[in-house]
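Take a look at the structure set out below.
Labels run A, B, C and D following the written order; every chain starts at residue 1.
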Amino acid sequence: MSETWTPDHMRKVFEQVKNWGRWGADDERGALNLITPAKRREGAAAVVAGETVSCALELPVHPSPENPHPAMHMMLAAGDDCLIPGFNFESVMDFVGVAFHGMATSHIDALCHVFVDGQMYNGFSKHDVKSTGALRGSIMAARDGISSRGVLLDIPRLLGVPWLEPGTAVTASQLEQAEESQGVRVAEGDILLVGTGRDARRAEKGPWSPIQTGLAGLHPDCVPWLHARGVAVLGGDGVSDPLPGSGIPDWPMPFHQCALVAMGVHLLDNLRLDALAEACSRHGRWVFQLGVAPLRVDKGTGSPVNPIAVL
Amino acid sequence: MSETWTPDHMRKVFEQVKNWGRWGADDERGALNLITPAKRREGAAAVVAGETVSCALELPVHPSPENPHPAMHMMLAAGDDCLIPGFNFESVMDFVGVAFHGMATSHIDALCHVFVDGQMYNGFSKHDVKSTGALRGSIMAARDGISSRGVLLDIPRLLGVPWLEPGTAVTASQLEQAEESQGVRVAEGDILLVGTGRDARRAEKGPWSPIQTGLAGLHPDCVPWLHARGVAVLGGDGVSDPLPGSGIPDWPMPFHQCALVAMGVHLLDNLRLDALAEACSRHGRWVFQLGVAPLRVDKGTGSPVNPIAVL
Amino acid sequence: MSETWTPDHMRKVFEQVKNWGRWGADDERGALNLITPAKRREGAAAVVAGETVSCALELPVHPSPENPHPAMHMMLAAGDDCLIPGFNFESVMDFVGVAFHGMATSHIDALCHVFVDGQMYNGFSKHDVKSTGALRGSIMAARDGISSRGVLLDIPRLLGVPWLEPGTAVTASQLEQAEESQGVRVAEGDILLVGTGRDARRAEKGPWSPIQTGLAGLHPDCVPWLHARGVAVLGGDGVSDPLPGSGIPDWPMPFHQCALVAMGVHLLDNLRLDALAEACSRHGRWVFQLGVAPLRVDKGTGSPVNPIAVL
Amino acid sequence: MSETWTPDHMRKVFEQVKNWGRWGADDERGALNLITPAKRREGAAAVVAGETVSCALELPVHPSPENPHPAMHMMLAAGDDCLIPGFNFESVMDFVGVAFHGMATSHIDALCHVFVDGQMYNGFSKHDVKSTGALRGSIMAARDGISSRGVLLDIPRLLGVPWLEPGTAVTASQLEQAEESQGVRVAEGDILLVGTGRDARRAEKGPWSPIQTGLAGLHPDCVPWLHARGVAVLGGDGVSDPLPGSGIPDWPMPFHQCALVAMGVHLLDNLRLDALAEACSRHGRWVFQLGVAPLRVDKGTGSPVNPIAVL
C-alpha cells in the first residue's frame, strides 16, 4: 500500500462508510436493505437471453493447496445396497458437510463473520457470537434469498491479461475503467462481482495456497467507492481482499473489515466467474439477474452457496 | 388406493410417461430440458411485486419426531476466541453438515436418488451409483441452477381446511380444481409446487413422524397428468408421495418412482410453503419466478436447497 | 432426596471432598494421581483367567429414544469401488464421528466437562474452555491411558432384581452391602464401576429416553464415601447421577458436580456392564484389571472409549 | 526389491502364510485367536514398573503434509454458553470425527480393510463390504479389546541412527538382530511393534507426505518370518509397508495384503513409538503388556485407537 493507507486513514475510511444505525438500531440486514422491490424487478428485467450460469466452484472434497480442509461428501447407501428394508423401494443417499469459510468453497459471509474492535455490523458485540452460534448478524438476515441486478467487472479483460497475479490490488479507478470499457455502471442495490482471473490461473497453473502465495483483490480505495455507489453485496473469485493481507497494520483485510462490519455489505467469496465472463462476453451484456440462496442455518456465520446468474 | 391401481397398472403408467431417450441416450437432465430460454424469460416476467420468499425450512439441527438424524451446525471459533493467530483479524467460523434426504430438510432429489428394477432415469444402472458417489444422474445435472416459472397449487385453500391429514392423496382432478380456483394453468416447463398444509399442522400440533404417522401427497393419477402438462420439476411441503406408502405392491412411492425414474422430473422435498401461500394470496397471483440453486456436489444424489420465489 | 440434602448441605459436601490444590495448583489429573505404579501392578495382578470383556456399547449410529443425536459411520469406499487409482491395491475405508456426551455413547468425561459456579476442578475458569477447545482440564490429562484395578458392584444382584427402575438412587450403605455380598472392598486408586441393570432393562423393554423417563444412579451420600475410599475413576451403566436430576436446587447432578469438579474424579458414562457382571459372576471374582484409553484429542472435553476389563 | 521378489514369488508367499480356514470357515478374528488366556496372563505378568505409555499420536485436526484430510474436533458448547436451559447445570461438550485410515491417525485396520483378488481374510468377498458397512471382517472381531504381551523392536537403535529414511525396508534378518541386541524374542500371540524413527524424523524435519516422500517399513521377507513366529497383531510408526510401494507389480503393499488378507493379522498404523522406546530403554526391558481398545463400530473397517503399553 502507498503511504496514504495508514491505520489512521483506514480508521477514517471505516468511520466514513459506516452504515450503523442507518436502517435502525436493531437492523441485521445491512446493505441488503438497498435491494428494494424496484431493484428486484430491475434484476428480473435484466433477463434477456434466458440462460443460467453458476458462479460456484464444485464443493471442494479433495485436498489441495487451496483447500487444506476438504469438504465431506459421503454416501450413506449406494447401488450395492439400496433396497430399503421392509419397504420395496430402491434408493441411495449421501451426506454433505463443509467448513465453508476458507479459500476453496464458494460461500457467503454473514455480517457476524468479522469484528473490528470486538464489534460487528451495527455495533453488536463479538460476545453475541457464542460457541453455540450467532445471536446477532447471522446468515438468517438473508434467509429469504437475495435477488437483484448483478454486474460483473472483468479486470483481466480490461487489462488484456489472462489473470491478475496473486497479491494484485485492483483500484477504484480500474473499476471505473472497466465500467466504461464494458458499458455498464454500478448502481445502488446492485450485486457487484469483480473477476480477477483466478479460474484461468488455476486452470493453467494448478491450485495454489492463497495463504502462502496470495490472491488478487481490491485496493482499499475501492471501499469508499463501493459506499458511494451503494453496492448491496460484493463478490469475487477471490475473497475481495488481496492476500496475503493489505500490509496496513490492524487492517489486514480492509474489505472484510469495512464491507462486512462498517457498511453491512455481505461478501461472496471464492466464486467461479470464468463461465459468467464468457457468457456476458458472448451476449455483449455485463448485467444480469443474480440470485443467492443461503441455506437457512439458524445462528450461522454464512453458508455455502451456488449463486445463479440469469442472463 | 382403489382397485384400479394395481402393480400392473402402475407399470403401464410408468411405461407411458417414460422420457428415456427423449433427450438423447446420454441425457442426465431429464425434464429440466423443458425449461427453455423462453421459459426462463417467462419466469423472469412473472416478477411483478419484487418480493422474495424462501420455500425452505430451517436446517434441522435439533432432533424431533420428524428429524431423527439432526443436521450438524458447529462453531469452529466464536467471539470468545476470534483473533486469528499472527494476523490481527477477528473472525468467527462454523461447519454445516447434513444427511439431507429424509423428512425434515428442504432438498432436491437428483435423478439417481431412486431406481426401479435397478435402473435410474434414462436406463442407467444402479451400479453407476457407487460407494464413492454417483457416476450418472448426479445433482450436477442441475449445477447451473434451475430458474423457471413456478406455480403454487394450495390444496387446503381449495378445500377450505387448514391442512390435509397425513396419508391424504390429492387427485389430478383436485389439482385442476385448484388451478381453476386460483386462476392459473400449469404449463410445460413450469416448476409445480403443491401445498398440503404441513407447516400449518406442524405449527398447531407440533412435529410428527412422517414414517409412523404419514404425510399428505399426490394420488398416482397425478403422474400422467404431470406428464401431460410437461412439468419440469415437482415440489411439495411433504415428499410428493403420501406416506406411509401408496399401498400398491412394488410401487410404494409412485412419484419417487415415476417422476424421478420414468419422467426425469427432479423432486423438491420438505419445502416450507406457508409463507409463499400467504404472499401469493396477498398479491392475488399464484405464479412467480422460482430459483433453485443446488450446491455443486460432484457425484451427489441431491442437495439441501433454499428455493427462492420472486413474486 | 430426603430433607437433609439441601443446597447448603450439598455445598458443604462439595467443600469437604474438594481436592483442589492437593496435587499442586497446576494439576489437571485429579484423582488419576491416586493410580500409582504400585496400583497399576495391583491391577495387572488381578488378571487371573486371562479373559477380556468390553464395557462399551456399540457406537450408537441409529436414532432411538436414548439417542436423539446418532453417531456417524459412513463408508468412504466399499467393495464396489475399492481399487485405488494408479495403485493396484484394493482397499475400503470409512469415517466415524460422534458427539459422545449424551446418554447412549460409552465415554469418559474430562474434568473440564462440568463447572460449579463457573469453575472446574482445581479452580480453573469456565473461560478456559473456549469455542476452539479446552485449555485446561482436557482429556489429555489421561492421554497415556488409565490402567488400574477395577471393581464392579452389581446392585441388582444385591437386591435380587433384574434392574433398578429409572430414578432409583443407590445409597452408600447399599454400596457397602454389595461389597460385603461380593467379597470385595473398594480401595484407593480403584476404578469403581456400579451396575444398575440398564442393559437388562433395555433388552427387555427396549430403549427409553433418559431425559424423560430417567436413569438409576447414585445417592449423593455416596459422594463422601467415594472420597473416603479414594476412588480414582467412577463409572456406571448410566451417568452416575440418577435422572431426571437430584431434585436438590442448584445441584441437579451431584456426581457430575462433586466427582468431576470437587474431587477431580473422571467419570465413565453409559457403559455396558452386563457382560462384565456375567464374567465376574462366572469367575466368582469382582476385581479385574481395567484399561481405559481415551483418544488423544487435544483440548477435548472427553472421548468415546471402549474400557476393557481383563479378568 | 531384489529380483527374487517377483509377483510370482509374492503369490507363493501369500499362499504359504495363508491362515484361511485355520480357525474355522466362519472365523473373523484371524490371528487374534493366537492370543490365548495364557497369553493374556503373560501380558499382565510383563507389568513390572507400573508405568503406562501411549502409543498414539494426537488426533490430527490440523492439515499438514502427512494429513491432507484433517480430523474434526468441534465444540458444541463452551464456557461462554454452558448453562443447560431449564436445568441449572454448567456443562461443555464437543464432537470428534475422523476418516482414520490414512497416514496421520493412529488406528487399527480391520481384516476387511484390504482385499487380494476381491477376497478378504478367510475368503470372504469384497462384496460383503457394502456402501452401508462391512458384513464380514469388521472391527467388531476385536470388540472385546486386545490384550497381550507386546514387544518393541527399535531398528534405528539397532543401526545407531536417529531414524530410517523414507522408503527403507527393514529385513527379517534385521528384526532378528534387534531381538538379539535387545534381549527379546518374538513369540506366538505377541503384538509386535516395529519402530523406524518416524517421530524423531518428524520432530527434526517437520511432517512430510508419506505418499510423495515415502515411509520406512518392512521388507516382504518379514512376511514368512511373522507367520513363523505367530505374531498376533503387527504395528509400527508407519504403515508396516514401506512407501511409496514395494515396486512388486500387483503387490504394492505386501503387509497390507499378506498380513491382513492371508494371515488375518490386524495392523496398527501410524503409532507414536518414541515415548515407548524411551521408557523401554529406561527400564531395560522391551516387553510389556499392550492393550488395544477399538471403538465398537458395527460394520466398521477399523477404528482410531490409543494403544496403551503398561510396563
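Going forward, a residue touches a chain if its C-beta (ideal position, glycine included) is under 8 Å from a C-beta of that chain, and two chains touch if they have at least 3 such contacts.
Computed from a predicted model, the values in this text were never measured in an experiment.
Of the two chain pairs shown, C-D and B-C, the one joined by more C-beta contacts is C-D. A rotation of 180° superposes the C-alpha trace of subunit A on that of subunit D, rounded to the nearest 5.
Mean C-alpha positions place subunit B and subunit C at a centre distance of 45 Å.
Centroid to centroid, with C-alpha atoms defining each point, subunit A and subunit C lie 47 Å apart. Between subunit C and subunit D, the centres computed from C-alpha atoms are 27 Å apart. Of all residues in subunit C, those touching 2 or more other chains are 72, 75-76, 78-80, 95, 127, 130-132, listed in ascending order. In terms of inter-chain touching, the protein chains here all touch one another pairwise. Looking at the complex, you find that subunit A touches subunit B at residues 36-41, 43-45, 47-54, 56-59, 61, 72-73, 75-76, 78-80, 82, 87-101, 106, 112-116, 118, 125-134, 143-147, 245, 249-250, 252-253, 256-257, 289, 291-308, 310.
Per the touch definition, subunit D reaches subunit A in the complex via residues 63, 68-70, 75-81, 127, 130-132. Against subunit B, the residues of subunit D that register as touching in their complex are 72, 74-76, 78-80, 95, 130-131.
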